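One chain, subunit A, appears in both complexes that follow, with subunit B as partner in the first and subunit C in the second.
Showing the complex of A and B:
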């Protein structure tokens, strides 16, 4: 990542606790303008909580107990609720997994997009609508004049996600957080939405943090990937390095579990044995140790730091050298 | 949407027809109506004569058709006690009940809905707890008891308000509160639940994510969405208020149709009772049709799809 320009968003040692347990435990990453960072992991690894923390929208049970989040020179985590409200939607936006449910069913989509603009800009209703119409064109919605006056239930899921993207981007935020933006959509629509997001980052130099559990989405859109496991970053790397030479056994197993076209038909899906530990099962060492084929005594006793493997590639594993050997043999 | 409205109207007509029939059947199931009208020591001859005079000796289906035919001309029969059309008697009392029901509805909606909003949005605050206590009280104290308590406190002990009658406006206060208390609790609870339900929805989180405060989200989006179940309740509550008026009007000597119903039952003036029962049933049906039409205004999903 050293090759990237100055970071726009930096998350530093972020820790979030729920009921005394650190469900997000000291994670750090940065995103540069115009780049896409993917946070990947299984359900419950803390990736969504991390994204909510970026917008100051943690659920009431969760509390940020340490670390900071900076947007440019502004420390988001130091903002009061009132000041944070001014930043939300304007400097940093988010789109959610269920686009249809994220819109008010009783209000036209045009009114909702225009209201998003007027939340942060003092303009007339007509100006806001003109802006909304422009936005619908930008996100590739045909016949925007008609769509403006339609209600969410009249639009498909993919259409609704384009509306959500319009709302998220209408104030030209510098960072867009996308929490599983394509999970609820079917595969062809998924590709269209990802293409749209890619186009928008390049045009506007927006930084994107995308939360997903889908390695296909990661390969499609991300520049960098942070693989999270049980609240910690297991491995963080530029996307090609991560896919080609994963240096954490969890990443390697995760990649191995993605079905391939070359697999024999009806072959068993590859899985990782065991399950993610719950917060009260966390041990002192590596949280993946119990499921890891390489685990040793040290893994269980001592938490591995994020070792630098070069080229912006870092892995929290005591066995990065063995992982490198394995790649060497395979090549 | 036109389809939807037409459908609802047809349903309403069917419901009203059902009510008419049930009322007729119940009146005749309870035995020969003539026996209800004559004094206990009447001779068999007198009974037979009255039965013939009132047409109760005809076959039942003829009586039924005659009854329906009468209704089409707004002929609900002549009160056997007062010797004037039953409809006129009810009509002369109706304004009082409308007045009382309006007062009660004002109490129920005017207090119930804001209380529900506060209980849902300011959870775990002192004011929400106080309101919750008031709501539980309104819900659990029986109407006849709260009415008598009100009379005892504000009428007899403090002498602030008249204890009975329908003279000046101040006489409306206690009966309206007593009659509206139960509805008020229902409105408060339903509003609270509807809002809490809406607050958990994704669009609320999405609203906060674009920089709206919770208050703005509640007033711009949540209240409108939460109004849909509350409208349903409102329709039912108007009918319930009329039914509740029977007790309240008796306790407060309020000269409306509730009091009239009790008097007519006591004097066996069953044609008047029949008019009152039909009236209350019509109000139920009409308010629910009205609610269905209000949905059309509030909810585009009904307006545009059906």
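Showing the complex of A and C:
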């Protein structure tokens, strides 16, 4: 396995607009082959829109108003819908939160996986089914010969998510986008699916972009993390650096609000006062300013750039030097 | 009898089965044994967590406690009063003492009613308050859950998810229940909001002495809020222990599997942990395996496990575990 000097997927200054407001505002990040990038944030932070943009699947109300997305040398954002259809599934794939809502209830799972393969390969039905059968084995579905001919309702949620992964990976895409892939599953099944994804990354050198709000999932699977808030990246860092020493007040408070083993029972959890601003409430400066304990006048007036903190760690905060105050509060 | 004064809930050998009585077309049908003989006490101001995977029977058990589902056998006592077989008037009286909140607050509120009307409704139905007194009581409840009295005139869509869950909690507390059943109360909420609601539940308990049965699959939340933990698998309890003992020394192999499946929000800890991942999935409750129901997925299972069902037996540290090998 040679190391690639260039990232496989690069999102550069991506901006998405809905009704005149920049709900995704200048997002940039890169993912190398065999690496997992996690986009983390609360509802409405723009993490799902970012992922849909990578697949050319933005809803009609949303419009990419700036920036580019490259997969290798190919500019995805320059593709026509027709050309995108060739790339989708073959170069880049997506799995969603609710597998049973993504599968066709009237078609056997084998036919759905085979159809995904035949979209991109000129092969006979039998060859496609053989490929689908192999794929079911790879994702750890017992008794694949029987399962091929079953319908989604006959399978559990965990099984359906494995089927979704089969459909997404059967053409060996170089990038897999996973939008909350385990949120609807039980924890024991979540652990199985996360392990499966880790195995696929290693074996196939696939790059994964995982969208989640669960810090436990991030800690388990990610190599790098981008924390998003109200459409912008607040902080981006390698996973260990982010958890050990968050450099943005939002990240620090978010981590402190997750109950931990070391907490005293029923102790007060750290909370973030207020709520995420709606797009028409965005100010000129840092969008977290109204909820931030460190905020000053400058924060409300001037948007902080992503400052480089070294080691690939960057944070969009004017007061990185005062982070100790947050850690004191959160402790 | 003195014991009863302290327990807000007492379950004795409660079983809830579905089907099997012959459907519309006279088919005998399979019996789904959703809850299969459970015993539990909850003391005043105590929080007990009920943990398990989807399909283990935890929601059926909650519904049975609030009287939405009749058990086929056993006894359910709320603050010492028997629910099973009680007549309607008595049942109405008992039900006031146990209330429930659900996972998705958006689905629990009437979009066409102001939240003041929603919170006041149980008080009107019970004939407890009206007019000015009602208004004052609603204002008081809103303040208790961290909202403002003037919010009473607003509609659910004007609130965020966390605020709506506060409204649901206010309504549940309107009748001053002894027991509040919280069915996954924070799993639909964002992380920072989740912490706010957990803090609120703890504060309300300290202020009012209400007990919680906290149904959840999220062990980090359970660890934070509970005094005692009950683990359920296919309709039966497999482990019951005090919080500290439960988390320091989980005994049942299923409990250990659940714990190792929950990812810790710390990459160093998470990646160095010894994982213990369960193979396969929960069997259907219509076809529960013989002996210990967990033996089909258990790494410790031996011959006895498929033949003899282990009873909950006490251990030296006070935990009770149903396992031949733990």
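Everything below uses one rule, namely that the second predicted complex is superposed on the first by the 313 of 331 C-alpha atoms of A that agree within 3 Å, B and C clash if a C-alpha of one lies under 4 Å from a C-alpha of the other, contacts with A are read in each partner's own complex, and residues count from 1 in each chain.
One rule holds in what follows: a contact is a pair of C-beta atoms (placed from the backbone, for glycine too) under 8 Å apart; a residue touches a chain by one contact, two chains touch by 3 or more.
All values derive from a computational prediction rather than experimental measurement.
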item: Superposition on subunit A - do subunit B and subunit C clash or fit; value: fit
item: Per-residue contact with subunit A, leading partner among subunit C and subunit B; value: C
item: Partner chain in contact with A:20 - subunit B first, subunit C second, else both or neither; value: neither
item: Touching partner for A:102 - first (subunit B), second (subunit C), both, neither; value: first
item: Touched partner set for A:86, first subunit B, second subunit C, both or neither; value: first
item: First, second, both or neither for A:255, with subunit B first and subunit C second; value: second
item: Subunit B versus subunit C as contact partner of A:164, first or second or both or neither; value: first
item: Vertex subunit A angle, Cα centres of subunit C and subunit B, expressed to the nearest 10 degrees; value: 70
item: Touching partner for A:310 - first (subunit B), second (subunit C), both, neither; value: neither
item: Contacts of A:55 with subunit B and subunit C, given as first, second, both or neither; value: first
item: Gap in Å between nearest CA atoms once subunit C and subunit B share a frame through chain A; value: 6
item: Residues of subunit A at both interfaces, subunit B in one complex, subunit C in the other; value: none
item: Touch list for subunit B against partner subunit A, complex; value: 201-203, 205-213, 220-221, 224-225, 298-301, 304-305
item: Parts of subunit C lying in touch with subunit A, wherever the complex brings them together; value: 53-54, 160-162, 190-196, 198-199, 202, 217-221, 223-227, 243-244, 247, 257-258, 260-271, 275, 277-278, 281-282
item: Touching residues (chain side subunit A, partner subunit C) in the complex; value: 42-43, 156-159, 186-192, 194-195, 213-220, 222, 239-240, 243-244, 253-255, 257-261, 263, 265-272, 275
item: Complex contacts: residues of subunit A adjacent to subunit B; value: 55, 57, 85-90, 93-94, 96, 98, 101-107, 115-116, 119-120, 151, 153-154, 164, 167-168
